[in-house]
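Shared between the two complexes below is subunit A, which has subunit B as its partner in the first and subunit C in the second.
Presenting the complex of A and B:
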């Protein structure tokens, strides 16, 4: 068969043997005898492939594309006899520099391939680069020889997912992590037993696409240390895993290391979701660097004002022109690649509302990109989760174009639950809705509770502990005079701002953390936890921790002993959720009464049974879930009674009668001190008085009928 | 510097590598393995890495390619006496799960009962 495919060179260019290439796939692809290079540019007048030996500042060859190597808007060439492992490549594009028309070609720049699957230049985390380097983010040619050993995506239904958001470096960089490869994919793999013990079944990784941690010019006040773009919400290479997060990045083995991590997580039954940032790139605004898009086809890739400036719907200087058909295909190619080549189980889209804007920035009613992703045959089993807002004022929680596929980070869940927890009055009605999977947002449109990714904390904002230790943000260390970061934290310091030696303050904070964990893991929908909250992690009031590569960001594993009761509470709440399908409905509940139990699917209560107080002064909410109707009666379960008292006084709650033949047992009572605050699912102690319970001040009680 | 020493052995091909593998020398390793396997069916090969101090990704890819080729032909490919620095890279990149490792040559021999 090989003889039927032409693999012989037809040209010699710059001393290298070449022939006209194939336009697809884009990027650098190994073909018999050589490498096929293909890149799009609509407005370039000329293009050259620039080849470097690994790490060298000046190229050893530059191949201008002859006209016959250009098909449509694609430059493509097959180059023969290359030492594939020894080469880095880039492109030089010529064309108009006419910003008013959107063009910013600069033939003095060497541009990275947007499809590069392997990038060097930032191979080891935190090693300061040579700022004068003419080509900093250097594309390399990747191999496809990983042995997956039969691995496949886990396929956990969305309704059963417990998502755990983490930053790869923060998770194991602290010396107390005790791993062989701190701060890396391999280090995270070493912590899989911990994830299993906690019980989460999905990790959501903060950005792992290649980024430049040095993309930050601010200095930390006081220490004078350089601040970083530590989180990495600023992509340099969309197809390349970040080398600096790999122990083997210095060997260029980050692809293998990352795939090994995914395979090991899958073996443990844990899915991998990636936080992907398609709303903007690392090129910033008109003062930013040339990495690739700006010099390849600025007018295609970015949303520009009529004068040719960059729209800034991302808050990061530029906005990717996601609904241009070329860019749309790029995004789709990228996600397909991660799903197919890295076995990724799902994606969370940062500032996803930008993906629904048109080339002029206006929101589209039927955004082609979002529709394509929803119906894509390769992504069909991947979870798609939108951060359903952007920095340009578009807020689509509950109205993100979903096509029956998209789930959303439910910002309203976070805001309402935080207000309720801190004791704001008048929240009982909202809490009833939030605990039911937000039917106000996802009921009318038929999307169901699993469209709601419920969270109370995430990387943005306070940690859970800090939500109960700080009234206001304390971001001085970020070097912007505390002007960065959100102000709508809905936090309460429990009586003292910051670290306290008052045992009452500290006891209340721990109780509040448990209350929050209980609400999150009881709520219908899909819970998302922030890594470290189960260990009482603090950022000392910093609510915008994007720039700190210090123990302000790193998880301190030595805190586990002192916070054993928090870990225990979280892990048992997760186990309880897993044990009770009545907490994981596939549809919003209706209040339908079961002929067998005589109970409604869900009923609402307060200090009086069968009477919920939704008045403006109420800080109380209780509800009963009929186990016989769990999952439409398909997964019979225990009946549960759940009471929240966010009043500052203990209150007596009259209990609805448990189903006949059963009695109330106490699974959790955050008003009690450990070990009586939570029990193993299935071995809960019986409640002494069956018709009432005293629920402590700012406490949660969970009862199981059996 | 890399030294490649085809070594006589009973019942399998033995190749001893000393020094370090870089992308220039990696193809020589592949050629040496191919030459040592000539005439063997099924192919059986042991790489003695007790003297290998470093390998670039090119060397790792050669190990992987040989392992797959030999496995496909129904044979056995063993790396023995892998030194810690090389082992760490193999382990983190997932290769220890794909390649057969033996602590030393004596242990590798046991994989080929005569």
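Presenting the complex of A and C:
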């Protein structure tokens, strides 16, 4: 037996055996006989490792780092014989408190390790914390013994993805969800059969990095409701899954539960994309708390004004200094960790334009962080999606530095489609480009349609139902006198503000939801659906629902029965998209004419065939996709004809002839009532008259030639 | 409540009965019994958890340790866990490492 000792204690500090540690990796790492702790600070003059027994308010040991334990700007120590399951740790940093120079060291604070992979302190959702606790977000030591059972990322091509955005708690917290563990990762896993039935193949999870739901919590005047940081766009621990979203968080098992969820989703062929928030942290501005970065090295981690205040390009008090090389490496380490350790398939970056700003806040032409992420060998198969704007006025939809890798949330798709749907005139030209994957935005630099993540609704703004039930926002429950939330909703209430008993109003709303679903799932690019829209979910006109842990946020599954036709329409549209590669091109179409079919790849039509009406008064648009040229002719498909009539009157559309030997069949007609509004792909009924069709008022018709 | 842990080996099957609470402070008792059982080269292990009220992450991690220590050929049965314990094992993914049984079944376990 080999009895050689590689690592042995050389020091005794605060009664514990220790030796100089290894600077990499950062964080707390299990090593033979002990734990290696490593943390960066350029400007700290002293640092101590603070050790607690689990849950205890006062530390049992505090180990100052001797000078020889500091390598460059890294403090590192290996501590031996620790009961790793029993301890929590933090750091105490000393240094100048000189805000004008960017320094805010405070040795009275105990700071969380930015690389902590497991955090306690908010172990169960909604349990009011001890506000006086000196160290509320407590780092723990993590284990890597999860058995993945051979799991690996799914690897669905971006062009084939149907993304479904959801909030883990909202998805199953409502009693009607009928799951054993409501509001948790485990609860979401119980709903995988539903996701399969709907047909989505990627879930985009709103923030799951540890956050504090009690951040800025307050009691709403009038209602008495405790308003929370419910969505979680304010990170406390970037490497740690949120414990309060785990049924096993009280046992410290959130890592395992989340990995089990990922493994189960992968088994079902569903990818996992995380909504990640690197633009700011939970530390707020100069009045905010010390969680981590502020006390570790404020000047390095935040973008500061010349006077030492926090720039607020995030709208949340501070801005992470993402293109500082140390911070850049931190972001890269974090994403690599989630990709490697949690098998995550992709990331959506909240307010991603901030990631392209320099240390003074100016936008960079070639941001090192974005380039590093694009070319990183570990992230090379991960989808990278930018919310290509920030709260500082930088709007980069169509111009986000992409490096051939980045896709973008296409806000122009949302705005144009909403305006077209509500009957605004003069939108036909814009709709033509949106349905083609926005070549005006992503064609000039060869990015192609998959650069466009198409969405009509997301967590920000109205739900789809509310887009057709409210002209204006109704955010009074947020306690900000209806001043929060956007005003550019491009919504239309169909004739009555809010809930209505008028059957005509409700029928029109239902039709508009189907119209929207059809446009989203027909458009070239990558569709993103908001969870619950397929069930007609309402937030009663609230378009900024960030703070409600109530049924204003939770999905009410009883709507599944009442809105069965909506679910059916969504699921069949998804199946139709999957069945037809002509809807999922890899390049923007050019109008090239096929020698086989004699048809252009795409042709534009109106009420007259071969004559599109792009005039300012137009509310119609129709197009024909040549199936023989699907995916450059590599995936022969049916030819499709699609007509949108957003006029308030029904209009007759003359049809182009179907390809020789085929006839038009009706896949969908939102002007018809269920069950004649949509059919199973492949079993569509034949169209009675082959040369024309009456498209109902505010309706969509989809024909298949076969 | 502390942990009581007992090991007996019958028909080349290690039966480990746990009573009380299994957490970081008591996990070593469980770990030692696993090591003793593994040293006996048993063909299966049955963890009798009917009287175990609570299992923290430290205890769950010993299930992984048991799987590693005994090898893949040795079947590990978790017998009659209380609801909270069983559910924690299932949703944290540890059920992949063991076989959950509602009661001791000699036909299945002792073969």
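Please note the rule applied: the second predicted complex is superposed on the first by the 699 of 706 C-alpha atoms of A that agree within 3 Å, B and C clash if a C-alpha of one lies under 4 Å from a C-alpha of the other, contacts with A are read in each partner's own complex, and residues count from 1 in each chain.
Methods note: contacts are C-beta pairs under 8 Å (C-beta built on N, C-alpha and C of every residue); 3 or more make two chains touch, one makes a residue touch a chain.
Everything quoted here is computed from the prediction, not taken from an experiment.
Once the two complexes are overlaid through subunit A, subunit B and subunit C clash, as defined at the top of the document.
Contacts of A:260 after superposition: both subunit B and subunit C are touched. Residue contacts after overlaying the shared chain place A:321 against neither subunit B nor subunit C.
In the superposed model, A:248 makes contact with both subunit B and subunit C. When the shared chain is aligned, subunit B and subunit C each come close enough to touch A:145.
In the superposition on chain A, A:85 contacts both subunit B and subunit C.
Once the two complexes are laid over each other on the shared chain, residue contacts for A:312 go to neither subunit B nor subunit C. Once the two complexes are overlaid on chain A, the subunit A residues touched by subunit B in the first and by subunit C in the second are 83, 85-86, 143, 145-147, 149, 180-181, 184, 186, 247-248, 251-253, 256-257, 259-260, 263. Put simply, subunit C touches subunit A in their complex at residues 24-25, 27, 55-58, 60-61, 64, 67, 87-88, 91-94, 96-97.
Listing the residues of subunit B that touch subunit A in their complex gives 23, 26, 56-58, 60-61, 64-65, 68, 88-89, 92-95, 97-98. Those residues of subunit A whose C-beta lies close enough to touch subunit B in the complex are 83, 85-86, 143, 145-147, 149, 180-181, 184, 186, 246-248, 251-253, 256-257, 259-260, 263.
Residues of subunit A that touch subunit C in their complex: 54, 83, 85-86, 143, 145-147, 149, 180-181, 184-186, 189, 247-248, 251-253, 256-257, 259-260, 263.
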